[in-house]
Amino acid sequence: MIRLTTNFLAAALMAAGMTVAFAQDDAEQPKPERQSWSFSGLFGVYDQAQLQRGFQVYKEVCSNCHKLSIPFRALEDPNGPGYSVDQVKALAASYQVTNDEPNDKGEIFKRPGTPADDFPPPESFPNDQAAAAALGKAPPDMAELAEARKYERGFPWFIFDALPFDQYQEMGADYIYAILNGYTKSGDPQWNLYYPGHRIAMPQPIVDGAVNYSDGTPPKLDNYARDVAAFLTWASEPTLAERKKIGLRVMIFLIVLATLLYFTKKRVWSGLH
Amino acid sequence: MSGSPTYVPKSALGRWFESRLPIMGLVHSSFVAFPVPRNLNYLWTFGAILAFMLGAQIVTGIILAMHYVPSATLAFASVEHIMRDVNYGWLIRYLHTNGASMFFLAVYIHMFRGIYYGSYKAPREVLWILGVIIYLLMMATAFMGYVLPWGSMSFAGATVITNLFTAIPLVGTGVAHWLWGGYAVGDPTLNRFFSLHYLLPFMIVGVVILHVWALHVAGQNNPDGVEVQNVERDTVAFTPYATIKDLFGVSIFLILYAWFVFYIPTYLLDADNSVPANPLVTPAHIVPEWYLLPFYAILRAIPNKLVGVVALAAAIILLAFLPWLDTSKVKSGKYRPAFRIFFWLFVVCCVGLGYLGSQEVSDTTTWIARILAIGYFGFLVVALPVLGLIERTKPLPASIADAVLAKTKPAEAAAPPASR
Amino acid sequence: MSSAAIEKPNRRDFLYIATAAVGAVGVGGVVWPLIDQMNPDASTLALSSIEVDLAPIAEGQIVTVKWRGGPVFVRHRTKKEIDDAVNTPLAGLRDPQTDQARVKKPEWLIVSGVCTHLGCVPLGHEGQYDGWKCPCHGSVYDTSGRIRQGPAPLNLPVPEYAFLSETRVKIG
């Protein structure tokens, strides 16, 4: 309801002629559409099953080219994917990581990972230069991707995005979802509807059936895109649930405090005439 | 600075101490007995709000410095470490980044209030100039703080702002190399910016003390702009009246601050700053933080590099000369109908320039920015001096007490006089 | 009428006390994160245990490993060193502890490498008991890491550890 009202207001403002230029732009370069996410709004938190599916997509598809500079232990986060300590230990041990310090003989060596280690870079691309040499452009680190791909919404939307009950903070997830669904020109795997200029360096990375989910979720591109966008949002902002929980308490507290101060102020000033 | 002759500590120990260091008397005379005009509105609580924000920024900043690493290779990762691993690190960083914006929001309201009510006029010229110095220090501090996370927008911002100095004829390039400690923004730049970002807030504290001192010499201005004539009738004691009002004002401001920190913490941050700095690539769309946008728009509106930089500097420096640019004898905009129109046009120019500063450059935006920039400077150097000479102002109230009574008269007439 | 006159100041006092109390709660709530941020963070806690390979450590050798930011001595003791440690009468010790209580396998002594006096790192195979001697103030430890001479008050502490296999030990 509130969303409808604000959208109506925004539309009215646009009609006022301030933003004709944007409307024209939108025809050739559409903005990602706003999706519904479990982690949006005042109380929204991550959906654990979705993050686990999203991690599966990352591991089986994205991780071939993209690094993810977060430690394995982060996957134990109960507000995040919530894997068990043993699952994370086994997962970490399945990767070979380079030890920080050389061994007794002075040799740099690799060893099985521990939960304290970061995900190593993709095997084929130990660093950005190697990736750029092979792919033309280094694929971005996915740890901050959802934050780094937030896009400008323009006037007047940016005003409504800040307001209670309609605040919009999930542009990064929407962008990732849109890009994965934006390969709409058959025969051209590097044409993307939502990428600025439409020429994207990443050829279509994932299609229907590429990943087998074990929880019965249909193996469709739409689900892959949604799940991996949610996972990457968590990766870039793992403290979201704690933030909203503390935020609620702080807000209630401040409103009580301000109310008390208001009446105290009135009482103090009532002594004057 | 000496103790108040009227303040006598109750205890013998207090009297012993007071005769050696009269600090309690100073606090008492400045923050307890200090007479405050009784007609102040809530815009006057922004002084307290700003003091609170300065304290909050210093506390959260000192904490962030415990975890941050000022090195081109480690800065970005250390901020990630703060956000992910440090206990409550995310909270402290969000308080600090959003705190900077809240600090500027409050200072802009404080400044516009000062302009609207003519608070810079005699005898408060020095008070106002100290305020402009605080504002300059705040901008320097905020700019250098924005560089520290070493994201791609940090790097671009540092490059663009320091390159302003290359506009200086003859020595410009040398000055830029001196600022950078190299041939481009790099590790030495980051290290010195960190050092200065830590130092400048304490210089702000120093100037704030002078600002408050000057305020307590001249006394506060007020919405009616007439000076206090009778302390008994025109003023109330700072404590409890102004103290409790300020606390209420701060608590309302905190609700806004908390909304940003807990619900839209990255709203004011640039997405490109989540990409690590790369000296070989500049983000597609360079914008400074919102509080610097109007000046950025003025810079971009002028096609000549040197003139653009001079205009940018003038837009800020001219504020220090307001006490002499404004020729009107009447302080408050409440009694200056023509001034009010120009004041609000000036506000529109500032907000409009801010919006244009955030947009990508096109012919249309450049021309609108030029018109608004003319409006900005026109208000300061044409409207203010001329208005004072030709404007017909409304009659001023005889005293602050009269102004308050005039406002409450209809109610007073109906109800019997209050019992106390 | 009179009851109202009495109640009024009470209600006002209550308002003031309630406001002050709520304000105090807020200050308390803000202070905790500011203090807690200095505690060991998640990345530090994740490194709080290490695994050590014992196979390359020869008899008589002391290896120093880094655990929780400080040194831990892993000493492969000789027969003589074990006997010296076991046969020391408890009566003469400043911090009486049997050698058996300080080891899980007699040939492997694992102790913290931080002198209990003021935190220096003692030198191995030094001092009259051929254990350790601290270079800072001359505290002398025996082959069980027990304090024998000098200003240190306590034995070198034994960290929590477990043998994962014959040649692998997990400390922490």
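Chains: A, B and C, in written order; residue numbering restarts at 1 for each.
Definition applied: a contact is a pair of C-beta atoms (placed from the backbone, for glycine too) under 8 Å apart; a residue touches a chain by one contact, two chains touch by 3 or more.
Note that the structure is predicted; figures quoted are calculated from it, not measured.
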item: Contact-richer chain pair [A-B vs A-C]; value: A-B
item: Chain whose average C-alpha position is farthest from chain B's own; value: C
item: Chain B-chain C separation of Cα centroids, rounded to whole Å; value: 49
item: Length of the line joining the C-alpha centres of chain A and chain B, rounded to whole Å; value: 34
item: Chain A and chain C: spacing of chain centres that average the CA atoms, whole Å; value: 41
item: Shared-contact residues (touching 2 or more other chains) in chain C; value: 42-43
item: Residues of chain B whose C-beta touches two or more other chains; value: 84, 91
item: Shared-contact residues (touching 2 or more other chains) in chain A; value: 250, 254, 257, 261, 264
item: Interface residues, chain C side, partner chain B - complex; value: 33-34, 36-39, 41-44
item: Of all residues in chain B, those that touch chain C in their complex; value: 59, 63, 66-67, 81, 84-89, 91-92
item: Chain B partner contacts - residues on chain A that touch it in the complex; value: 42, 69-70, 74, 140-141, 143-144, 147-152, 155, 161-162, 164, 167, 169, 172, 196, 236, 238-239, 242-244, 246-248, 250-251, 254-255, 257-258, 261-262, 264-265, 268-269, 271-273
item: Chain C-facing residues of chain A, complex; value: 71, 73, 104, 115-116, 250, 253-254, 256-257, 260-261, 263-264, 267
item: Of chain C, residues touching chain A in the complex; value: 12, 15-16, 18-19, 22-23, 25-26, 29, 42-43, 46-47, 56
